[in-house]
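Structure first, commentary second.
Chain nomenclature is as follows: A, B and C, assigned in order of appearance, with residue numbering initiated at 1 for each chain independently.
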Amino acid sequence: MLREISLEVQSGEAVGVIGPNGSGKTTLFKAIAGMLRPKSGKILFDGLRLDGLHTPDVARRGVVYVPAERELFPQMTVLENLELGAYANPRDRDDQFRFVFSLFPRLAERKRQLAESMSGGEQQMLAIARGVMAKPKVLLLDEPSTGLAPLLVAEMYRQLSQLKAQGLTILLAEQQVPHALAFCERTYVLENGWIKLSGRSSDLLGDPAIKRSYLGVG
Amino acid sequence: MIPIIIDGVVQGLQFSLLAVGITLIYGLGGVLNLAHGQFAVIGGVTAALLIGGGMNVILACVLGVLASGLFGLIVDRSLLLPAYRYKGEERLLLGLILTLGLSFVVDGYLNYRVPDAALTVQLPYPSVTVAGITIRTASVATSVLAILAFLMLGAFLKGTLLGKAVRSIIQNEVGAELCGISATRTRTLIVCLSAILAGVGGVAQGVFSSLGSELGVELTIFALIVAVVGGVRSISGTLVAGILLGIVNAVASFYIGTYLTLIILLAAAMLTILVRPSGMLAYWT
Amino acid sequence: MRQPRIPTGYVTLGVVGAVLALVPLATGDSAHYARITTLMLVYMTYAVAFNMILGHTRQLFLCLGALAGSAAYVSVVLTRELELSPWTTILLGTLVAGALGGMFSYVSVRRGLGVIFLGIVTLAFSLIFQNLIYGLRALTNGETGLVTKGMGLSVLEDQRSSYYVIFGVLMLSLFVYQLMMRSRIGVAFRALSDDEYTAELAGIDVTSYKVLAASVGSLLIGFVGALYGYRNGFISPAIYSLAGIDIVVLITLLVGGMRTLLGPVLGGVAFAVVDELVRPFGQLTVLVYGMLLIILFLTFREGLVSVLRKVTKLDIP
């Protein structure tokens, strides 16, 4: 459950949200995505209010949410999943296909494979790729490293860096704190529905409380 | 025996058309449409009335099918709106009761305005001979109509982006919404489409035999039996299941009578639900 | 919480009983009104039963007509074929209905069937019943039906005495309902209709209470269905059909108010009035029933009792 929080993301930034389970990270993302309605407060995107919009409308505005559960289409191929990802923005679809396949070559190899038959790591890649297909203005990634082997996590963050280099605005929720802090310029620390700390990731890395709770140091 | 089987196949095609529609509305709309048979009857009756009024047969049939589609559209945007405000079981229950009431309304009205007596769609040529077997033109026409409808539906669902969007909602509604696909707007399309399929079935029924007063309920029942017992995961599967049911129904009715046959089929449906409650629509490819 | 000295429920029952007992005096010798009022009592009783089955334990039985009809046909056919006493066969028929209802309930709870699937299963049963009657023509005379006049139940053949017999059954059923609701059973029902999972977790044996409600309800439906079969002079599949009974009882309970004592009674009165108004439409009655069902279910699901409670600020049972 989220209590009172105030968050800000600038265009082109990568912002992280870290915190223990139940702290409200997913609730926050779901609220932005239109899956939950906030009891009070506003969600503004480029001057437009997102709170109160239904999920499909939020997605169509360019704010794309990739949930931890992935929510892929199990009986559809990789190609079809990606195609549907671009549903809101079919015009640039071919360009996006090229971009996505260059980013995730493993998906290119499995174009005609059914989503449900892929491994966890591949499904995670597909979920992110599907989100990218929409040519989003903002990408919300909820714990993208869940269930991935460390090697795959590293690879995924490499790919995300490429996305960041393209100028994509990213809001990232993570359990794997070191990766999040390395990847995001700024980070918010959420605990029990409140923002406990926020600031530049590099500063937070040096914070003794963070070091103790999340980095297992000191 | 052959004429019986042919009749069974033709009848079965109609069952399939309705079964597909009822399953789509259930899978996408979350509503069990107990008035689905009435969707079909409206199409058939419209076509029959138009032909009776002197209109060209083909035009009348097309208009009949469109009438069904229009009716479905209206029902979705009016009667079912309250149901859509809920989710899951609440919606299912409300939809069931509302469509149950609707089925009574339609049947009651049709019985009053166009009471009993077979309404038939007349065809110019009586029969056709294929490979030494004489088949009624009506049977051929009906089968062709139904199969065409199925092919078009399949092409739509597999080939077009909108069709894939429909499948995606059935497979994962949350995922679809995250891609910007609106279940609400797609739902209306699907109800309309299902109604059109039912309309084809209704017109076909009119061409093939007659549109009696009990037809609506009968078609709904058979559609449900196909959907429940067939428990199939694809359109082609439903097509096959429907044809099989048609054949079984025709042959069994010949030997043990229609009542007993229907009892056995219904009992089979009941048993299927009891043994395999998830029967209807896991997900479709 | 102070308990009133005589619980309001029983006082209400007394009032209802007094009023209904006096109705035949108002209708006099008119056969037409005798029929309507007796039929009204029959539907009230069906509604009391349905209140237990659907209202309190959320079991969507779309086979009320079939249950009533099963009892009626079992009774009449056995009396005709085996020349047993009608009272014996009525008992047998009632037991058959009760067993069927209990079985549907038990199986569906055990298999975890949702409300909808139970609805489909019972709907299928309704159709099976209709087709059984048509199919076993030798025994049942198919659509034409069987004449029940002169089968030895004189008390049910006189319009006044039959009214009071059914009146007795109705009052008994209301009394039983009231007893149940004020006992442990009522507590369980209230917990059940709120949230089954929580009730189960709280230690309430959901299965037993659901099956109990379904069985008692079905017994009641069968009993009254059979009784009315004799009173009516003949039975036919059309009488015990979806359009003949199920939709009427649904409307009655919706109008009156589910999960209340007076709901079935008020609903029954309201429906009897509506039915009389609709009579001149002939064929269109089914259409009207359908529209009523839709409109009521959308706009008036709370029922008359609920409305009266708000208006009079009294705790009407």
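Everything below uses one rule, namely that a residue touches a chain if its C-beta (ideal position, glycine included) is under 8 Å from a C-beta of that chain, and two chains touch if they have at least 3 such contacts.
Quick caveat, the model's predicted, so the values are computed rather than measured.
A linear topology is adopted by the chain contact network, the touching chains following one after another without closure.
Compare each chain's C-alpha centroid with the centroid of every protein C-alpha atom shown, and the nearest one belongs to B.
With centres defined as mean CA coordinates, subunit C is found 33 Å away from subunit B. Work out the mean CA point of subunit A and of subunit C, and you get 57 Å between them.
With centres taken as mean Cα positions, subunit B sits 43 Å from subunit A.
Residue positions of subunit C with contacts to 2 or more other chains are absent.
Subunit B makes touch with subunit C in their complex at residues 32, 79, 82, 89, 92-94, 96-98, 100-109, 111-112, 115, 221, 224, 228, 257, 259-260, 262-263, 266-267, 269-270, 273-274, 277. Within the complex, the subunit B residues that touch subunit A are 161, 164-165, 167-168, 171-172, 174-183, 283-285. Note for the complex: subunit C touches subunit B at residues 60, 107-108, 111-117, 119-121, 124-125, 127-128, 131-132, 134-135, 243, 247, 250, 282-294, 297-298. Interface of subunit A with subunit B (complex): residues 33, 35, 54-57, 59-60, 64-67, 70-76, 80, 83-85, 87-88, 90, 130-131, 134.
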